[in-house]
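Got some structures for you, see below.
Both of the next two complexes hold chain A, though its partner changes from chain B to chain C.
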Partner chain A sequence: MTRTGLNKILLWSLFGVCVIWLVVPFSMAILWSLVDPAEVWTPDKLLPPVMSFYRWTYLWQFSSLKTAMFNSYLLAPSAAILTLTLALPTAYALGRLKFPGKETAKLLALLPLVVPGFVTAIFFTAILFQLGLNAWRFGAILFAHSILFLPYAIRIMTVSFEQVRQDHIDAARDLGASPMARWYVAYVPALKPGIMATLLIVFIQSIEEFSIAFIVGAPNFTTIPTLLFTNLGQAFIRPNAAVLSLILVVPNIIFMLFLERVMRSANPALSSGKG
Partner chain B sequence: MTWRSWLKIGLLLAPGLGLILIFIGSVVYIAIAQSFGYYNLAGESGFSLEYWAIMFDRATYSRAISYSLYVGTASAFLAVAFAYPLAIWLRRPFSGSLMISAILKAPLLVHGLVAAFLYINIISYHGILNQLMQWLGIWDGPHRLQNDRNAVGVLILQTWKNMPFALLLLAGAVQSISDDVLDAAADLGAGPWDRFRRVIAPLSVSATQAALVIIFIGALADFSFQVIAGPVNKQSLSQLMVFFKGYGRWNDAAVVAVTLMGLAIVGSGVLAVFSRFVMRGGRLK
Partner chain C sequence: MDAVSVRNLTMKFDEFTAVRDVSFDVARGEFVTLLGPSGCGKTTLLNLISGFLQPTSGTIEIEGKNVIGVPPEQRNTAMCFQSYALFPHLTVADNLQFGLKQKKLPHAERKARLSDVASKIGLGPQLAKLPNQLSGGQQQRVALGRALVMRPNVILFDEPLSNLDAKLRESVRLEIRAIQREYKLAAIYVTHDQGEALAMSDRILIMKDGRIQQSGRPDRIYKAPESSFVADFIGGANILDATVIGQVGEKNWRLDTKMGELTAQSDTPPVAKELKICWRAEKAQFGSGDLNTVTADIAHRSFQGNYTDLFFTVDGALQRVQLGEEAGELSASITFHIRPEDIIFLEAIK
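Let's look at the complex of A and B:
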């Protein structure tokens, strides 16, 4: 059999597996989110007997979904901007300056990825209790998210700073550009994709983060993942969980597609800090 | 370097690396200190081995250790085992390879909790899988598949969620091997298996180690998959830690946390050495 023929067979097999793996679960979630409470969906029926958007409107009006979405969508961009701001000076030092111990510093910057998330979450709460800062939960989670996602930002921005060409900086200086003008003409164009990638990756990580939001925020501060967790546990109502799952996944797909465009030329493994 | 240069570098590193070291360092320090009786939030603080001694006598603690190690190791190996052949297959682009690559990356877009919901939706007592098996006449009645005793559900979810990460790392490593090297090996008489064993595997050791270690640490500390789809008679270490914290037993939670960190470090080291040894054909250097 030729390589092309083998590829075709593998391609179609994988396509079949993906249909089972992705299309079936998501179709089931969509159908469950449309089940109208007027008539239950019993196993003997292929499709829900009555379909409506009742669950969607009900959850929007009467659950803490609005609050959770507000919290998540305020937290994520704030964490993205704060993380980028904190990461930039370190990334500049690691990307542009030469000093002994630079490789060790790069490794140490990955520390938050090595300590298990729940250990960080629980003992960060202990620190907050010690400092008496446990009342301002939004600020606490924002701070924790920024630290937790700093490795991604430092890694991406270090690579971006390394890619700034010295001859561009020298050319700008030779033409009489001030330090600020040099920054705009030589640094900013090279850093732009890295900045976008950092903002998007931290945004997605923050929207998805569960352990810190769950441990530090509970029970008063709700985000979409903690609300979903509650609806998958004690308060499990399948159609409601389906609505929340779909709400959580759709923005991610849009942002990740955008990210794919931004990072088309970059190595995703390196950029996501996993390289 | 002058002191001015050092000062400049120190100031530049402070907001990023400095915060990481202070924050994560404090988390690790407090966990260790609390496990030995210091930093008590209520009552007297002082050195004590009591919390460790009591914990070692608890059956739930040793069960949680072996269960978490099982989930961590099995998830890491399964994710890499699925990702490796796919990375090699997708090394050279062909028609449809971009679409396949995009579909394989899809779980990266899906939150772990959503994946858990989708999964329990499929395998529930009256779910589509049970209905299909009955319709095909394989099963007489519905089977209880959720929260299975061997944590197969948790392993399926961990593999589903982590395989794309492993694929990202391995694909990068495998694609960076130049065709010249592989062609030279083929010219010297190496078949597909020898090319894999003697060229591709040794040159992708670092990516394999990174994938195994990252997935191992994440799965070792799993909480949400375990609570939603895991066996009800076993607890993961994270679950045990959250349980103790919920009752305000910070010292006990700290003992579990230190255990978790210790296992993460030791386990990662063992996995890294093991993968290097296997992929370099029994050599460590």
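Let's look at the complex of A and C:
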């Protein structure tokens, strides 16, 4: 088979995967969110018979969507920043210091990821209640999310700290840089992509996290996922769920594109050999 | 006063001693090279002087001031790193100015120094570029400029040319030497390349196993190596075991070697009856002579352009003779002689 032929096949398979994984679910979600309650969308019809923004306005006006959005969009960035801050010292130690048992420590830091989220959530909430954090639900969920997503942050930031070049630190020192100046000139440029990736991943994980937000928060404290599951679970109103899932997805994409731009402009030289 | 004065410096890492009881001085404006094979302690010594390591014992004075315990950021030394260590996100101008900004020099002074150094290293048009937009040689010059702009007491070079290709290396070493002379800087240059050391230095310190084996002007070291290590490391001399069997007149000694009986002429007597001697491949005189005539079977030949290396074995060890045009006519064997004054006495055989 020729090279171009193979390329063509690969291109079309990529296109096919994109359609199945992205285009179909997205268009289904959009279509379902537009279904008007006047007439149901039955399987024999390709498109919903009556389309309107009724579900959107309904949810906006009559559900706890507004508070859920406020909670989610306050929680996710806070969790991202807090997790990053908590991960930094450990990541620094794992990435830059030498000590016996370092590889084991790296592995241990990842271990919490193998436990299913719901199991962690149930036992974790028990601890939260013991700590008395249940009185302040936002704080409890924030704390829980930070702990839960810490392994990701530690892993990413460890690799980032390993990327910091010792000769850059040495050169800065040799030229008389204070610890602060050294941090800015040698560490920050190398850490930047890792910081962005950590913020993005924790943001997305936190905004989509259901188990803890539900167990700790329900019924008083709603986030978008708990609202989504309420709509799916009790009444199974598919159009409403479609609206909520779109609300859940769109900011993630915007945030991701934004970070992509920031990272691209951040430092084109760092990953390229000398300099 | 010397720019750098090192006394009895020792550096131990756990069990391993990297630098053993090293003492030397570097005068202002002097270019001193630390030369040795990898692991000889030369880079450790440089890191001790720059302050990245603190010695186990001994003292270092820079311009008469003891700097033991002083961190690198407070020492008036500037280092040119092997990897250049340019900050990749800063432009050439910002890289050059980085140290001046740390010193909080006034803006006008900074600008003056920047433009001065930029023209010296010929990077005026590149000031707005990022390091990765420059060639290797240009990056090297930025690293040099970044050190020069600090106007340090001592400039330290850690194998700065090892990442450049051979041709560029030669022109850059001339440039470094010219700039060092112009600024009258004391320079300590670490390398494992004997050619670089011979070409650039006022003085060479040859190191092995953390000790200075021999120090002196490049030509003195080349002409009068004191040990077989130095004779071999600089210029790859032919080394033989010899037994002194008699003295002829005041300065001539008769020696018994595996290459036959040889006569050596030396101002200093041999250090022992059994000792090592050496002779340089290019000192072999084509054809037979009055003394020290050797005929040998050629084992290998290696054409080098303006000369040819011919190898023959003496007691299992390869010996090298360097000949010009006449080498082309030889096929199986070679006859040459060595003048007595070209045979050098080295250390005793233990």
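Note that in this section the second predicted complex is superposed on the first by the 218 of 275 C-alpha atoms of A that agree within 3 Å, B and C clash if a C-alpha of one lies under 4 Å from a C-alpha of the other, contacts with A are read in each partner's own complex, and residues count from 1 in each chain.
The rule is short, and it goes like this: a contact is a pair of C-beta atoms (placed from the backbone, for glycine too) under 8 Å apart; a residue touches a chain by one contact, two chains touch by 3 or more.
What you see is a predicted model, and the numbers here were worked out from it, not measured in a lab.
Chemist: May I ask you to decide whether A:Pro77 touches chain B, chain C, both, or neither, giving the answer as first, second, both or neither?
Modeler: Neither partner.
Chemist: Is A:Ile154 in contact with chain B, with chain C, with both, or with neither (first, second, both, neither)?
Modeler: A:Ile154 contacts chain B only, not chain C.
Chemist: Who does A:Gly176 touch here: chain B (first), chain C (second), both, or neither?
Modeler: second
Chemist: Look at the residues of chain A and decide whether chain B or chain C touches more of them.
Modeler: Higher number of touched chain A residues: B.
Chemist: Report for A:Asp167: first if it touches chain B alone, second if chain C alone, otherwise both or neither.
Modeler: Only chain C; A:Asp167 stays clear of chain B.
Chemist: Please report the chain A residues shared by its interface with chain B and its interface with chain C.
Modeler: On chain A, the residues that contact chain B in one structure and chain C in the other are 267-270, 272, 274-275.
Chemist: Which residues of chain A touch chain C once you look at their complex with the stated criterion?
Modeler: My answer: residues 165, 167-168, 170-178, 181, 185-186, 189, 267-270, 272-275.
Chemist: Which bits of chain A are touching chain B when the two form their complex?
Modeler: Residue list for chain A touching chain B: 4, 7, 10-11, 14-15, 18, 21-22, 24-26, 28-29, 32, 42-43, 85-93, 97, 99-100, 105, 108-109, 111-120, 122-127, 129-130, 147, 150-151, 153-154, 208, 210-211, 215, 225, 228-229, 232-233, 238, 241-242, 245, 248-249, 252-253, 256, 267-270, 272, 274-275.
Chemist: Mind listing the chain B positions that touch chain A in their complex?
Modeler: Listed in rising order, the residues are 1, 5-6, 9, 11-17, 19-21, 23-24, 26-28, 30-31, 34, 39, 41, 89, 94, 96, 100, 103, 106, 108-114, 116-122, 126, 128, 130-131, 142, 160, 165, 168-169, 171-172, 207, 210, 214, 217-218, 220-221, 223-224, 227-228, 238, 241-242, 245, 250, 253-254, 257, 260-261, 264-265, 268.
Chemist: Using the touch definition up top, name the residues of chain C that touch chain A in the complex.
Modeler: For this pair, the touching residues of chain C are 50, 52, 71-74, 77-79, 81, 83-90, 98-99, 102-103, 130-132, 136, 139, 146, 150, 163.
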